[in-house]
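The letters A, B, C, D and E name the chains in turn, as written, and every chain counts its residues from 1.
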């Protein structure tokens, strides 16, 4: 039996991330064992819910390593929890695949730490590329004060200059706020503003989108991958969400992909299985866990052993593995293995997703 | 009317009433005297149901009272003016009185309130003041008046004269006497044993949780032991 | 100059003149009683003197120093101590601890010493405990020392308050109805205690409705009605005053007071 | 000008949400001196049950009524199963029980329903209404009207009815309340039913604006608590004014100063107000004398 | 046989528990949980002084934990202080801040004090989350190593990370408990409990209530700060969550659950609430539900807190 450990934020403020991640992992383990496991060996998943609390995450990581004696860890839904787990994994020399966005996780490279989501910075870059193409030069930013929003805000501000774009208004909202019209009113009134970007997750972006419609702001609205799921359209309301653009993964547009697309088969399979099992629409975040699990099992298979060091080496040698976020090719200097092509710029039209060419 | 037999009660593991036998007949005024800590208050608390009974029986108008929860005892006609006054400090004087008649919504409530104001005119003056702002003696008057608002057939008074000016002390005893005419039975716990025994028909002496003496009030007043131990004469 | 001087003290509560222009003086070893009908303003007067209420007008002088509206803990330092008509007991502490609390000013040192449990701090605490036990014996509560104070009967609590107030070793002691809830015999005991304390040179200001006690031990009586001083003098004079009889004593009590 | 108007409208909308939660606190507090930290869960339940009843095919009004009734029932159960058995326990212990209850309710909700965000349609559509160059959603008007209606009802209840007085009497002096014939257990049951019902009503009204999920309760409870303290705990007037003021502070700070520190600014104002008025704006001083 | 004072008995029990339990630890993970219990125990001991002794409610003490934690993250980097000194600096800053904040808010009573302190805690956690330039924002910041373990290793005592923090936090807890127990029966402790019972009576016996409350607030803030520092140093990483209101409420809950009036009780409460989530992981989905249920049941059946109620029951059987 091969023991894989995971700690994700299945409850708490980051349950938007952790809940689909947990469900995905459970589903994939079942699938894998039904198909005969890895090299004939069963896989056991030890899954903990750290509720988004970094302190708990560290305790669970210790528990996974010391008590459950797992061969690798997946998890850390947020950057905070990930950073807590890293110290433990590095100490114990157990491979760890993170599901969080920050670039600090893999830059600088730490021997035993990997991650699957494209970085927040890449999301910003994808958005700014699209803005640049539309000749937008002045934008307003409105982000949540939670870890996701704050990290996106910082990363976007760091790279925005590269695209000749200027942020002329920068506002935030609390993760549980009920009304963002004051912030939007201020942004709307900023000199020469051409578009608004709202990185965040949870209810915030839905409320922003609705307030946007309420105030009849007719500037392009960009959201982030934080809300890349069908749920967002429903919560924001199809009318209000019309025309919203965001960088998403292939997962959301599985049916729109041409058959030639290498990701098509993978994302379609995951989407069908997940939606059948849980009854909830797939989203980007479950996809991260999906990819992490694929990378790990692929590595264990190739390593032909469940020795952590061997697994680590095999993960680093991952090449051309197709996941929901993109095609992963890792190296000793790149523990992420994705490029910007992992993202697709999506636009909401008539209550559904379309791919922006 | 009220019969107590072998009543025991305890706070935690410490028993403070060790089997009290006591009887109050209809229309009677009965007083209980005793030193500090004898258990007088505890006895009254048992009667009104706010103190658990660990043994013995209480019978009121022929029915066992022990299983009746405190809030239902007033319905049966048993009202109490408790030790420490226990008024609703945050409510106005008038609201206190109105709540005294919580069980009633008829016109008599207003009349009773007028009677109460007549008995203690100061309460009328202060009717809109939060009761917590009253002076000690005024609060005592309110506690008595509130108990009367419940139209009791049997009234339990715990040291009603405490904190009252001398002129009012005599008035209170007059009121107690007057209740007799209204057919209200009274069980009176008093430190002013002299005054209490003078208005009472019968009396009990309580010592550390037991009844040590009982008899007609006139006899007790004359008893030298009582005179020395409680009347200080 | 008297030890405690009250000059023209007054206060109003939402239009009601609870106390108006009351003056008197109190000397060491003297017992001055304040009497008057319910609501006359006696407790309010006490509250102003002891810094619980801020007087609207007038002055309180202690040992010649103006202490009007001074915070109670500072008054305590200057030797003033009191009991309460509405009991103020530290309910969840033991009887003994309640009494020791009265030694606060004499036993307390620095927090740091207390945190570290330094011998000096422990020594002071031990002294306070010794004194407190003696005081409890004096009010007849020695056997209840280890009981939780909230569990005592009303009369016992009254006596505990007196013990606590005495623990301060006060120069001026304010007692608000110390005998309420005590029978005639118990009242006499308190009576003796107060007389003893006064004899040791403490100035005592007393509010009490038990006329026997008041007449027996007071050197001087101040009578309040509706917040105003309506009479004052020695017990005999006051108890004969028709205004006092009408407002407060009633004819029966007045007869008692003489007989 | 129209900016200010927009800030004010936003503030009043959010403030009405807080006020509704704060109003829910008043009854249980008035009956028992306990701040019920599960109040936010009542709001959450109101929203969640409506969502699922609505999705199950009930018409929205009926779904809302079901949600309010069920939540009131849960309030009663909470009292019967957890508060009443702990009778006589210190107030802090009761508060911990309500915290436990809130965690428990959240856990059960997450199991019975799910962890997703939900909403149901606004009662009168989503077309904004223009007011002096600013806009407000019709649903906000519903929330504001709801807060006002609950306020009026509670105000009348506590000042004019004997039952209302009985509730106040119970918290003021439970022993005396029993002596005058008040069934204090029943008073507690009634208070929990009413509080829970009001909480659920709040949930029904605000969900189209704020969305709901199993864990929205904590934040709402916290803001409602702050609002209630600002206005003066236990007083319906205080809950209403405190809620609206808190909403306005937040909106104006977000609009004119810094959206990052708007919550902080709101608390600074609360501190300042409490400094001047230690019992909140309408709180009454306790009148116990010594 | 000499009769132990309650203070010595408590300390002895605590010391024995800390020393003996490791013999039953099957893996390093148990040391980690133990260390967390001790860290929480320290914070909760502070709450005992403030709430259990003096009767003042705080819903913002995590703010001080945050200051203690971030001092350890920031002072070594920006001021070049050794982490141990940084913790000390954190404690000093916490004490100062508690003094400044406490002066105005301690005039408030009950829930009003609760909401004011809650505001303070939220303010701290907002600053920690929002001032990215200093604190790196909500995603957290690294904390340098204390270096003590390396020193011990040189001295020939080679402890694993978890073992070291178990021992070190345990020692700190013992010291903290010792101080708090000293306080209980001291003049100051008595005065604190007196003002809890009746403020006005405390004043009339000469207690400077304002000053004393402030002292209790400052002392408890230092406890919270030390607890935060230990957590940060142990985890070598800290996020603003440490200052969040959930953490404040958790502290109070631990204290009340175990028995806010007694040091040992409160530490017991810290133990239970730290262990519970670890035990409940086997019930995965039901964890929250069970946690809430346990909290309710304990308070219903042991209204004065776990330990005092248990002790009473044991004693009751003796007689």
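Methods note: contacts are C-beta pairs under 8 Å (C-beta built on N, C-alpha and C of every residue); 3 or more make two chains touch, one makes a residue touch a chain.
Keep in mind the model is a prediction, meaning the values are calculated, not measured.
Novice: Keeping to the contact definition above, tell me which chains border both chain A and chain B.
Specialist: Chains touching both chain A and chain B: D.
Novice: Looking at C-alpha means, what's the farthest chain from chain B?
Specialist: Relative to chain B, the chain whose C-alpha centre sits farthest away is A.
Novice: When contacts are scored as defined above, which chain pair ends up with more C-beta pairs, C-D or B-C?
Specialist: B-C
Novice: Centroid from C-alpha atoms only, then distance chain A to chain D, rounded to Å. What do you get?
Specialist: Their C-alpha centroids are separated by 35 Å.
Novice: Hey, how far is the Cα centre of chain C from the one of chain E, in Å?
Specialist: 42
Novice: List the centre-to-centre spacing of chain B and chain D in whole Å, with centres computed as mean CA coordinates.
Specialist: 42
Novice: Measuring from the mean C-alpha position of chain B to the mean C-alpha position of chain E, what distance in angstrom results?
Specialist: Distance between chain centres: 49 Å.
Novice: Mind pulling the residue numbers of chain D that touch at least two other chains?
Specialist: 110, 260, 263, 288-290
Novice: What parts of chain A, by residue number, touch at least two of the other chains?
Specialist: Where chain A meets two or more other chains at a single residue, that happens at 11, 145.
Novice: Among the residues of chain E, which are close enough to touch at least two other chains?
Specialist: Within chain E, residues 130, 200, 287-288 contact more than one other chain.
Novice: All pairs of touching chains?
Specialist: Chains touch in the following pairs: A-D, A-E, B-C, B-D, C-D, C-E, D-E.
Novice: Where on chain C is chain E touching in the complex?
Specialist: 50-52, 71-73, 75-77, 81-82, 84, 88-93, 97, 100-102, 104-105, 107-109, 111, 113-117, 121-122, 124-125, 128, 164-165, 167-168
Novice: Provide the residue numbers of chain B that touch chain D in the complex, in ascending order.
Specialist: Residues 48-50, 69-72, 74-75, 79-80, 82, 86-91, 95, 98-100, 102-103, 105, 130-135, 146-147, 149-150 of chain B touch chain D in their complex.
Novice: Please output the residues of chain C touching chain B within their complex, sorted ascending.
Specialist: 13, 36-40, 42-44, 85-87, 151-156, 159, 177, 180-188, 209, 211, 247-250, 252-253
Novice: Under the stated contact criterion, what part of chain A meets chain E in this complex?
Specialist: Residues in contact with chain E: 11, 47-49, 52-56, 58-60, 62-63, 65-67, 78-80, 83-84, 86-87, 91, 102, 104, 145-147, 150-151, 154.
Novice: Residue numbers of chain E touching chain D in their complex, please.
Specialist: 51, 57, 104-105, 107-109, 111-112, 114-116, 118-120, 122-123, 126-127, 130, 200, 245-246, 249, 253, 256-257, 260, 285-296, 299-300, 303-305
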